[in-house]
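Some notes on the structure that comes next.
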Amino acid sequence: MKITFIQTGGTIDKDYPRTTKGYAFEISEPAVKRILKKLNPAFDFEIISALKKDSLEITNQDRQKIYDICEELENDKIIITHGTDTMIETAEKLSRIKGKTIIITGAMRPERFSDSDAPINVGAAIGAVNALDKGVYIAMHGLVLRWNRVTRNMTTGQFILK
Amino acid sequence: MKITFIQTGGTIDKDYPRTTKGYAFEISEPAVKRILKKLNPAFDFEIISALKKDSLEITNQDRQKIYDICEELENDKIIITHGTDTMIETAEKLSRIKGKTIIITGAMRPERFSDSDAPINVGAAIGAVNALDKGVYIAMHGLVLRWNRVTRNMTTGQFILK
Amino acid sequence: MKITFIQTGGTIDKDYPRTTKGYAFEISEPAVKRILKKLNPAFDFEIISALKKDSLEITNQDRQKIYDICEELENDKIIITHGTDTMIETAEKLSRIKGKTIIITGAMRPERFSDSDAPINVGAAIGAVNALDKGVYIAMHGLVLRWNRVTRNMTTGQFILK
Amino acid sequence: MKITFIQTGGTIDKDYPRTTKGYAFEISEPAVKRILKKLNPAFDFEIISALKKDSLEITNQDRQKIYDICEELENDKIIITHGTDTMIETAEKLSRIKGKTIIITGAMRPERFSDSDAPINVGAAIGAVNALDKGVYIAMHGLVLRWNRVTRNMTTGQFILK
């Protein structure tokens, strides 16, 4: 098994700058790198950094870039880390890609946090990517669902079955 | 989706006693509890503590106990946390159970460790349990494989495809 | 020994909201609470929340509030957690208080981060507060220095001897 | 300021082997190394590994070795990490050394644990070492006390004022 991980940014990758006047979080290197180091994976992988954006800032052009990367990959098992606010929009864009299993995941709390959900979410995507049929899925809160079956509870922030 | 988690012990649950002369690690409350708290799951679950043993100490009688619990459950999605040394033996015992998806997982480093693989492994099991056919699987190092397809590399400790 | 901890905000207390459209951090409950839970302290303590502000936003009025709290305390061992950008300004303000040992500390990375310096900095303040003469000190990067001996290297962000 | 850290072993340095049949912990590389990496210290330091033993296994010969290292050091600020069970015995042995500030510290839970007290204890020793008079001290649970003023509550494991 080989998995291609694609970084687009979002909460999962938010880090804290080491300088002065550091007010905000910043999107840094792919959290997936640190997660895979802990896992010691028995599968092959590559990590591609496509974007480093909060998902509210992802433009149509950015989505086209993600689309093009997925489309051109030879590998058919893809996990995309993404901000939670526009996961479904990106999933819809990618839904025209045929012959690949694409899972979009992310985190409610940055992977840098000791109580982050990131390792569990990325784990869920890894565990599912080999078992699922081709298509585009969202993996959050322990559910891995086809993108068009997912809706978001805007009070709790949870991704649930439509 | 409802998942039944069964604790049997093993490295994943090893903790460190707070008393004096505390030389060894001890198997404590299910690590799954802490992992699910971080995940904020969008599925129902229950946690059953069957055993608190290092897997080298699991007897035939213990395995029968795990078998009986799985057999009697109404729920058909089961994740068992287990020591790595005899995962395959327990999987073989459970392989006679029909109509259920059972995934055995665990960790190379205790969940209490900040660099543990436990959240990723449990995540992989959660992500796969809904997607897989009925049967008994082992989820370690990012692979979720049918128990009779798995062997262990005794140098690296990794569970790999036979 | 009794220590009074005073929260004013800053990086040390930055947390990440669990809602949607959560772009930024938030100053949450005192990180000192979580640090002391890990320590299991053999001294008495109290925690007072004075402010929940990034230190660039602390006004003269806010500093007066911190001053008044310190002045009115019966206890003479005080540790203040504070954003790093204006630690020295607050220290100067407090320097007119007599008969108390006041240590200002904080963190370069939020206590929520698994690689935070917060527990070490707060530990340094705790370890020093009993040993130091009365006065106002800054404890960062392992140094605990009188406030008027400290300057900040604006490239590295380190607090060093003037 | 320069601090010499001396590793002797104990809970603070307990790690978990990555091999099969790994039942027990192992004393591994100095936890102080990882703690100082998080701190980004503004002081000079060196780390000496003297022993890698649980403190119940430290012999008179081992204590002599620790004594000799401390005695021969030019530096007069020394922090020793040590198992909790025989900290006081080692402190007594070192009490004949003149002209140096020696602080013995350790942890109730391994530094590898996400809820360890190790970073706070080492922080307390760092914060105190510059402020204290010459002599031998024990730093645990937030107290930094002269070794002959310390006793241990064998129920709670806490080091307290005699």
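By written order: A, B, C and D. Residues from 1 in each chain.
FYI, a contact is a pair of C-beta atoms (placed from the backbone, for glycine too) under 8 Å apart; a residue touches a chain by one contact, two chains touch by 3 or more.
None of these values were measured; they are calculated from a predicted model.
Colleague: Measuring centre to centre with C-alpha atoms, which chain is farthest from chain B?
Modeller: The most remote chain is C.
Colleague: How would you label the chain A and chain B contact, same or different, if same means the shared numbers make up over half of all numbers there?
Modeller: Over half of the interface numbering overlaps between copies: same.
Colleague: Hey, which one of A-B, C-D or B-D is the same interface as A-C, over half the contact pairs lining up?
Modeller: B-D
Colleague: Using CA atoms for the superposition, what rotation angle relates chain C to chain D, in steps of 5 degrees?
Modeller: 180
Colleague: Taking the mean of the CA coordinates per chain, how far is chain A from chain B in Å?
Modeller: Going by mean C-alpha positions, chain A sits 26 Å from chain B.
Colleague: Please tell me the distance, in whole Å, between the geometric centres of chain A and chain D computed from their C-alpha atoms.
Modeller: The answer is 42 Å.
Colleague: From the mean C-alpha coordinate of chain B to that of chain D, what's the distance rounded to whole Å?
Modeller: Taking the mean C-alpha position of each chain, the two centres sit 36 Å apart.
Colleague: Give me the residues of chain A that touch two or more other chains.
Modeller: Expected reply: 40, 108, 114-115.
Colleague: List the residues on chain D that touch chain C in their complex, please.
Modeller: Within the complex, chain D touches chain C at residues 1, 3, 35, 38-43, 108, 114-117, 119-128, 130-132, 139-144, 158-160.
Colleague: In the complex, go through chain A and note every residue touching chain C.
Modeller: It is residues 11, 14, 16, 18-25, 54, 56, 84-85, 108-110, 112-115, 152, 154, 157 of chain A that touch chain C.
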